[in-house]
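What follows is a pair of complexes built around chain A, which joins chain B in one and chain C in the other.
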Partner chain A sequence: MTEVDISWPWQYSFPPFFTLQPHPETRSKQVAAWKTLILDYCRQTKTYSLDVREANQWPLFSNSAINRKLDSNVIISILSELAKNGNAAALDKAKNRWEIYWHTLEEWASMIYGYICESGLQNSVITFFELSNGTDVEGQEFFGIQTEVLIKVLRVLENDRKCELILADDMQGVKFF
Partner chain B sequence: MRRGVGLGAIQKHKLEQAKYTNIGNEIQENQIEQMTKQLDVFRVHLEDFASKHKNEIKKNGEFRRQFQEMCATIGVDPLSSGKGFWSVLGIGDFYYELAVQIVEVCLATNSKNGGLISLDELRSKLIKARGQSKQHQEISKDDLLRAAQKLKIFGSGFSVVPVGNGQYMVHSVPGELSMDHGAILQLLSTKNLCSISTNILCDELNWREDRAKQALEQMLDQGLSWIDLQGDDCPVYFFPSLFNVGSSEE
Partner chain C sequence: MNRIKENVRLYDGDQKTSFEGGELIITSHRILWGRPGAIPTGQTCLALNLSLVVYIEEESPSAFSFSKSRKIVLFLSESLNEQSNGPQYTSYYNFIKLSFRDGYQHNVIDTLNHALQQKAWENRQPKRQVEPSGVKALPTIKLRTGIVGIERTLQEKQKAADESISVAFQDLSKLMTMAKDMVKLSQTISTKIKEKQGDITDDDTVKFKSYLLSLGIDDPVTRDSYKSNTQYYRGLAREICTALRDPIEKMGGMMGMTDVFCRVNRARGLELLSPEDTLNACKAMETLDLPLKLYQFNSGVMVLQLKSLDDDTASDVTAQLIKDKESLTCEELGKHLGVSIVLAKERLLSAERVGKCCRDDSIEGLRFYPNLFLID
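On to the complex of A and B.
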């Protein structure tokens, strides 16, 4: 986990923010604030996936200054809310492991395809590593994207017949059209 | 001396009385007439004064307050009527505009505070929103109170709650705040707290536990407070409207 200065919202130091609120209207405000905070945090720390059993110790869900923690079950229910908008996806049935998409897969897809078109890379083969970590993509929003997420993004493009994945043992890459 | 007896004397006495009453009435009428004249003169002068100092009234907060007080003593309310002389002056407009801005700030901060805001915070937010020039900045708490109280005519959706020490809170969601709710806010405000538990409330106000619990739960149900279950051993109710006032925020 990289250390980044997070600009926490006011709720983060508001103790009851870490207790799920009973009043429906207040709760919807609370959940909305959590959703924003989770996505902001993951964007700033470049976090693409998390395991709830571990993440409940992260500063994101645990503010030691006021000695408050968000319960794992609450974390899962908020992540499930994020999943409804395509901002997260559970990786296992117990909903412990999650991928977080602070850009939805579709947004990532159009971003990457936009870059490919701009750089005239259609009809050439690029490895996943080049696409996510190559020197050419440094400074791009998707620089450093986790391979598992990248593959899902490319699947979206593949469905639109904009690329084809090559998943051989010796070479993992993609050809754009 | 001849004593007045008999019919003649009674009639004379009656006549005298009637004369006295007449004179009395005359004097009274005179006085009223004079008073009315004086008031008319005063009103004309006041109107003169107001139109002469129109700009000053709009720009200078202290001046405006004193003018309002002066009007109040003679029973003129420049805000009460949009018709006639005072509307030409546009003093009402000033407060109407302010009232609209107050509603705007209340709506904008509702997501944070659930519809309860301290007058101080309201003022600083409003000033920020009003732009930089000096005349926009000089809005006193007195102005805000006047404008906010005008909003009462829209029903129970808007009220100003005094919380002691010259502090006020503006409540901008439907539903009345009871005396007990007011007492809780007052206690928090004087102690400079943003949270409270049933126990502390019982101790401080000498309430029975069910009364304290009911009042706090009602405020929770109105979205005015949040509950924290990770405190020591009992639930603690937090009021976002009183949280972080004037500190780290923004």
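On to the complex of A and C.
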């Protein structure tokens, strides 16, 4: 993890934030705050995936200043809440490994397609690396996007018949229409 | 006095002897053993002076023995006079056993014990021995040392303890009857004082009344004075209300049932209430339009609380307290309100249930904070 200055919300230093609240109304507020915090944190640290077993050590889920940690089960339930809005997806059945989409896949897709149209790259083939790490895309929101996530985004576009994935062994790329 | 038992075998310590199948006679002074028919006809027989017996014991039959033979163990002291006309010159043991092949009734042990306690041989001694004046009798050897001695002391101690306990309880029952009279007496005195108000200064009356009050409730409601249970409980309910209203108000409007039970019984002093009666009385309060009522938390904990106190106001008070102190644990709230931890926890939980506070459950324990989630 790269150290990034995160502007923590007030809840982060409020000990009850790290205990799942039994009162329904309180709990929904609490979970909402967690969802926002997780997405903000991942956006700022450019985190595309996490493993709960490892992530519960991250500053995101453990505030050493007040010596509080969010329980792994609670993390999983909050991530599941995120998944309902398309902001996260579990990668295994045990729900330990997650991809986090601080933009939903659809948002990413329209963003990328918008860039392609702007740069007039329709009908040309671009490698995944060029699309995610190329010098041309520097400064774009999707710069540095993880390849696994990128493929999922492009699948969305493919469904809309806006591109076609080329998954040959030696060259992995995409052709936009 | 004489008891004849047949088919008795003698043991020297743990070892069988050749003296078997004989008759046994217990007298106030001796135990006699002879071959069948030997004693009545005055033939030679064996005798053991009871004065030599220190302690007797019934040998519990071992789990493996199927015979109905029962044994009595006689622990003996050393013979003082060295005459050795006994069946054996020396013995390694300090006990002998009497084995009853055909079993026996319990009265053998009783008879032996009785003879040992009577000490008939001692009564005669002074007549026989004329002691020269000034010379004290040899101190009788009280106990043998060793296990026998210890066992005997233990037995004596137990007996003494038994006696003192029964004496103590006699005193207690006396006290109970006396105390009833005392209460009656104090009642008549107080009524007399009321009548003769003129003779005694107000100060004295007040003083005396406060003495009576510190004794507790001066006229406790008892079951005898009511015809039915419901009436009894109603009477009790009124009594509990008058007695506990002030303390409950001081404690923030709530009191756990254990405290109620203890306080009521402390105030009554005598005529103690059972927990059931207390509970039933508290249940009866609802119908009587009294200032207190029984309240049950979701967890099942029951409290007596002011009728004016409902859930909302109670949790408002709790929330305000948490706000003032920033955060509270059950212990801290309990200390602050002077209530038990169980009760404090219930109050915090009920405040949480309506969203007035939120919890922080960590290894440091359960702590409650103002509900900033909802305020924000």
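Assume the second predicted complex is superposed on the first by the 177 of 177 C-alpha atoms of A that agree within 3 Å, B and C clash if a C-alpha of one lies under 4 Å from a C-alpha of the other, contacts with A are read in each partner's own complex, and residues count from 1 in each chain.
Simple rule for what comes next: a residue touches a chain if its C-beta (ideal position, glycine included) is under 8 Å from a C-beta of that chain, and two chains touch if they have at least 3 such contacts.
Predicted model, so just to flag it, every value in this text is computed and none were measured.
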item	value
Combined model on chain A: chain C and chain B, fit or clash	clash
First, second, both or neither for A:175, with chain B first and chain C second	neither
Touching partner for A:29 - first (chain B), second (chain C), both, neither	both
Touching partner for A:43 - first (chain B), second (chain C), both, neither	neither
First, second, both or neither for A:68, with chain B first and chain C second	both
Contacts of A:16 with chain B and chain C, given as first, second, both or neither	both
Chain C-contacting residues of chain A that also contact chain B	10, 14-16, 18-19, 21-23, 25-26, 29-30, 67-68
Partner chain A, residues of chain C touching it in the complex	327, 352-355, 358-362, 364, 367, 369, 371-374, 376
Contact set on chain B toward chain A in their complex	111-112, 114, 195, 220-221, 223, 226-231, 236, 238, 240, 243-244, 248-249
Touching residues on chain A, where the partner in the complex is chain C	10-11, 14-16, 18-19, 21-23, 25-26, 29-30, 33, 67-68
Residues on chain A engaged by chain B in the complex (per definition of touch)	10, 13-19, 21-23, 25-26, 29-30, 67-69
